[in-house]
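Report on the structure given below.
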Amino acid sequence: EPLRIAVASNFKPALEQLLPAFSANHPDTKITLSAGASGQLFTQVSQGAPFDLFLSADAVYPSKLHAQGLAFAPLPYANGRLLLLSRTPASQWQGAVQNAARVALANPTLAPYGAAAKSLLEGAGLWRQPNLKAPVLASNIAQVQQWFDTGNVDVAFAAAALFKPDDSTQVFDLTALLEHPIEQHLVILKRSRLQASATEFCDYLRSQPVQQQLKQLGYSPIATPNREAADI
Amino acid sequence: MSLRANIKVLSGSLDCALPATGITVIFGESGCGKTTLLRTLIGLEKAAGSIFLGSTTWQDAQRFITPSQRHIAVAFQEPRLLAHKTALENILLGQQNTTKACHYDAITKALDLDRLLHQKAQSLSGGEQHRVALARALSKDACAVFLDEPLTGLDQQRRKAAMGLIQQAAETKPVLLVTHQLDELLALAQYLILMGKNQTLCGEIDALINEPILTQQRGHEYSILTGPLQPNPASDLHAIDLGAGQTLRITPKIHAAGTDKIRVAIDARDVSLSLSRAEDSSIMNILAAKVVELQPAHEGAIKVTLNLGSQLLRALISSHSAQKLALKPGLALFAQIKATVQIR
Amino acid sequence: MSLRANIKVLSGSLDCALPATGITVIFGESGCGKTTLLRTLIGLEKAAGSIFLGSTTWQDAQRFITPSQRHIAVAFQEPRLLAHKTALENILLGQQNTTKACHYDAITKALDLDRLLHQKAQSLSGGEQHRVALARALSKDACAVFLDEPLTGLDQQRRKAAMGLIQQAAETKPVLLVTHQLDELLALAQYLILMGKNQTLCGEIDALINEPILTQQRGHEYSILTGPLQPNPASDLHAIDLGAGQTLRITPKIHAAGTDKIRVAIDARDVSLSLSRAEDSSIMNILAAKVVELQPAHEGAIKVTLNLGSQLLRALISSHSAQKLALKPGLALFAQIKATVQIR
Amino acid sequence: MPLPAASVQAILLTLELAFISTLLLLILATPLAWWLQKSHAWYARVTEIIVALPLVLPPTVIGFYLLIAFSPNHWLGAQWLAITGQTLAFSFTGLVLGSMIYSLPFVVQPLQSAFAQLDKGLLEMAQVQQLNLAQQFRHIIFPLCKRGFIGAAVLGFAHTMGEFGVVLMIGGNLPNETQVASIAIFDAVESLNYSAAHQLSLVMLAIAVAALLTLYWRKGAAR
Amino acid sequence: MPLPAASVQAILLTLELAFISTLLLLILATPLAWWLQKSHAWYARVTEIIVALPLVLPPTVIGFYLLIAFSPNHWLGAQWLAITGQTLAFSFTGLVLGSMIYSLPFVVQPLQSAFAQLDKGLLEMAQVQQLNLAQQFRHIIFPLCKRGFIGAAVLGFAHTMGEFGVVLMIGGNLPNETQVASIAIFDAVESLNYSAAHQLSLVMLAIAVAALLTLYWRKGAAR
């Protein structure tokens, strides 16, 4: 039986980078990934989807699962970074949004990155303004990137983890402007029959070397890596 | 096993008991309800009434058995072949279900279908399709056979062959046949169902041969003469004893084994009259007769009823000739019979 | 506008020039290729060769115009009605495209369709459907009419009415008609296309009436007598002058206005022979004749060829009678003619 | 409980999309299916396969390629942008286009089946009676293939209504423009807003039953 | 470049799902369509509407109600859990069930159309020839409605292959269990793994063309 990991879309590419090293040490543990918006994965877990581990893009969904008794205590595993990508040059991110032909963000009701973007727009008074074109909502943060990559939108609220820098794109790092930083938590699900493997995987993810590696993958490391691991 | 029916039909009701073997011809103008009657007897159409075949109830107030339980063979008015199957496959359709083996080869041979047996039905000509449908009906093991205009689209030779096969089938079971052709009716019918606008008649052919429904169609009458056959081994001309010392010479087509009496239909138009016996004529049948009655028929023609001694004969002649011969009731003369049709 | 065709058919090739008006009957046994020939002429089937109607090219090595450009009327072997439309809608189908108004009422009346005009085609009986299809073809404005067994499934009265309508249509344009019925052929044909196994013949009816293709089918021959009509105002019996001082009396059915010559077909079986002139007989036509030739026909029958002076007459009598009358070539006798059919 | 305006919008949008797409598809598919059925040319066979492709391709494949084609980096998207000043992606027009591609075979297939079963004898008769193509269509092809047309319309409409994958990829969830009912329900369910999901689903169910009742009632009357 | 194992899995899973669902559907839909076509009873009409419902309902509505039915709080889901120890949601069996409901009308509709066009005269002839039901099916109904059966199978298969909304809602994107190709492509596109998406799409395209070529080649041969 594989270790089934439900992973928020923003973290899937990073996780794929990190898997080979883990698999080298745990050859018996086969891992399958199911990606989606955090909210979508949360819904599936609460409806009984047979996941062992849930890597959310925020702390809220994991704590809800914990509160419902479906999961053990949530643990942070990364801090996400929100970027604004613009194809047309702008001095400020607000200007980029105002001048955009199309702005894309992830669906705030399902994706924490989208929720974060929405809160910024609301703060700047740019949310659902009649004089602005309505932003298109992607079903998860990865789709935002894809819309931007294919040229269908010219401004996008994206995850740093999914963005590959190029010359024609102007990038604003909005992480610091966020009222609530994107603290990504994971939970081991109580239904899991592979709790030992899941715990091993958590430990690996939260280990110092991995956390250092995350910096190159578009995240900030967690503050106190690998301390509460024993509490699980 | 005779077929008895008492059912509602378009023109009223039909109450008949068909012979257990032999052919019943259903006759009537186009649209009078022949096909509907056949479909009712088969069980494809429901009409109030009862139908029995021998001791089996096909339909009565309580029961109604389906066409497939009636164990019958049918040739519909249209061929109803499976276009994607060969002629032979169409003929054999469903025959594996019956207990008896299917002997189709004599039938397909007689209907000249052998060459076509492995041709797809959709590529057959109209007449070929009709023949395949007829072969399917005739080769099926059945308690009764229903044929709706089975000879349409056939040329004379094939028609004759088909008529022979139908007569064969009628030797062991009742056959019901719809036709518009008088020659077919005369050649085949033993029992008639005549469907008119306001009534439906049924009965032996002798009784109904001069019903208006028939005579209106053909425009003239028939006589039926009957008597025991006296074979003549020296010639193929046999004699029929008509009683009162008169004989009729015919070439019998149907060797009615077992029945000593033979019946012959004579078209009133095929009878000519002469005051003296023409000894030097090629007409073979010249019978002494007495005029019974003269009736005007359609324009310029007179219907003459003659007494041959113990049987009646009808002649249709021009009023011109009637005048010339000074015909009147009681006059003795000679009836020359040009053609005869042996009936069942 | 006469129809000329030189095309390949099943049994070889056909090269004919049909009359500009009048009926051409296509005759041949079931499956010989009549429908295929008709379809080729219509343009629904392609065959090598050329077809012209008057000065219009329907098909040649270079050109091929579609059936709808040929401006024709067709009654197919099957009715081909639109089941969801009424009889009248079927009859009028496409007629709004032609310039002339459609005069269907005389036709539907004659075919006894008036009662059925507003009935859905799917609920019509088989014969009714055929009549609707025939009415559709006959009421269409067309340069030529093609009828594939148009009289199947019709009773005698409707058949007669239909034949009248077909003859009417043939007064102004060529009509091609397929039939298996000899009486229809005789009543309608002016020109014949006879399709056999190995050859296809075409020509005037006089020339082809005793072709084996025809005589094999009917089993006996016909004679055709011709001469100017001499009307008799006092009676409906008119006389035809056969030459050599002999006359034939007939009741003309077709008042061939303009043509002084009339042609009459006589079935060899309808001729009886007598050594003396029977003056007291109801047979009206008794002609002096001389035996030309005796030939054995089928079993027990002899075919006698007679010379009427300037025309030949054929008789079919029993060998028994031939013996009795001691027939031999050169013998003078009298031919009694029982029935005549006026042809075109 | 009155339906929120957003739900009403989503439902109306869905019906509009399905209706417009089906209508356009019927107009397009009828001659196409006829030609495919009649022609024996090799390019008719090739076209047949191209038309049938969306049958076997998951909607996401279609959505993916549409996304690429719609982008201003590509010919189609660039042209559209130049002409209309708008991107095809995230627009109602884009959805109609996507729906049509997605549902085309579902409309062509029943029509082609119906045309194949058409009695050739009747078409020959029509030719002889000199019916032109429009008359042949009106008097013969349409009435005899009515069930095929109904089938094509129903399947086309339904398949468009059920379109989700394509819309999810090229729609962008814009209220009143691309947020169709299936997307709205998906969002509601995924965000555990079951009461909204229930409401929307029930309304869709009611509309469905009403539509079918109308359809079958008419069919029953025609029988 | 060899196809990644996950993609192969996804494709095989998709084909398996579509194949099993279509097969089961044909077995189920044939008698159902026959009965719906023949019966004049009111409950046949009601059934007709129920069968047609998935036609007009967005897949997400179906997915939503399935999700509810599959949940252990409901009778079906509870029974299933008690018997198999697994939830129906997020399982292959659940997907088959969902696909069947989702695609049922797409199979019933072409069959019903074909049955309606069946020549009644031939069925009467079959009755008289005493063909039993199996023989009637084999000799008449099936050969004459072949196009209907092909249409039903193709549309059913295609619609199942293209199923995305239902799977997304009740499948859960589990590799080798419920991650069908449409989901995998969506996933690949979403993970910005465009080359994988292209690859998968092309493989699906190739399979589609191959399938269609086989189908049309056979159809051509049968013509």
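Letters A, B, C, D and E name the chains as they come in the text, with residue numbers starting at 1 for each one.
Following the convention adopted for this analysis, a contact is a pair of C-beta atoms (placed from the backbone, for glycine too) under 8 Å apart; a residue touches a chain by one contact, two chains touch by 3 or more.
These are the chains along with the protein names UniProt gives them: B, C = ATP-binding cassette domain-containing protein; D, E = Molybdenum transport system permease.
Everything numeric here is computed off the predicted structure, so don't read it as measured data.
Looking at chain A and chain C, the chains in contact with each of them are D. Taken together, chain C and chain D share no touching chain. Averaging Cα coordinates per chain places chain B and chain E 58 Å apart.
Chain centres here are Cα averages; for chain A and chain B they lie 94 Å apart. Chain B and chain C have Cα centroids lying 26 Å from one another.
Within chain A, contacts with two or more other chains are made by residues 143, 146. Residues of chain D in contact with at least two other chains: 67, 168-169, 189. Residues of chain C found to touch two or more other chains are 78. Across the assembly, chains come into contact as A-D, A-E, B-C, B-E, C-D, D-E. The touching residues of chain D, when paired with chain E in their complex, are 14, 45, 48-49, 52-61, 63-65, 67, 102, 105-106, 109-110, 113-114, 116-117, 147-148, 150-151, 154-155, 157-159, 161-162, 164-165, 168-169, 180-183, 185-186, 189, 197-198, 200-201, 204-205, 207-209, 211-213, 216, 220.
Chain E contributes residues 121-122, 124-132, 135, 139-140, 143-144 to its touches with chain B in the complex. By the touch criterion given at the top, residues 2, 4, 9, 12-13, 16, 32-36, 44, 47-50, 140, 142-143, 145-146, 149, 162 of chain A touch chain E in their complex.
Across the complex, chain C meets chain B through its residues 28-31, 35-36, 77-78, 116, 124-128, 131, 148-149, 152-158, 180, 182, 216-219, 235-237, 251, 269-270, 272-276, 278, 280-284, 299-300, 315, 317-318, 320-322, 324-325, 336, 338-339.
Taken in their complex, chain A has these residues touching chain D: 37, 39-40, 42-43, 46, 101-102, 104, 107, 109-110, 134, 136-139, 143, 146-147, 150-153.
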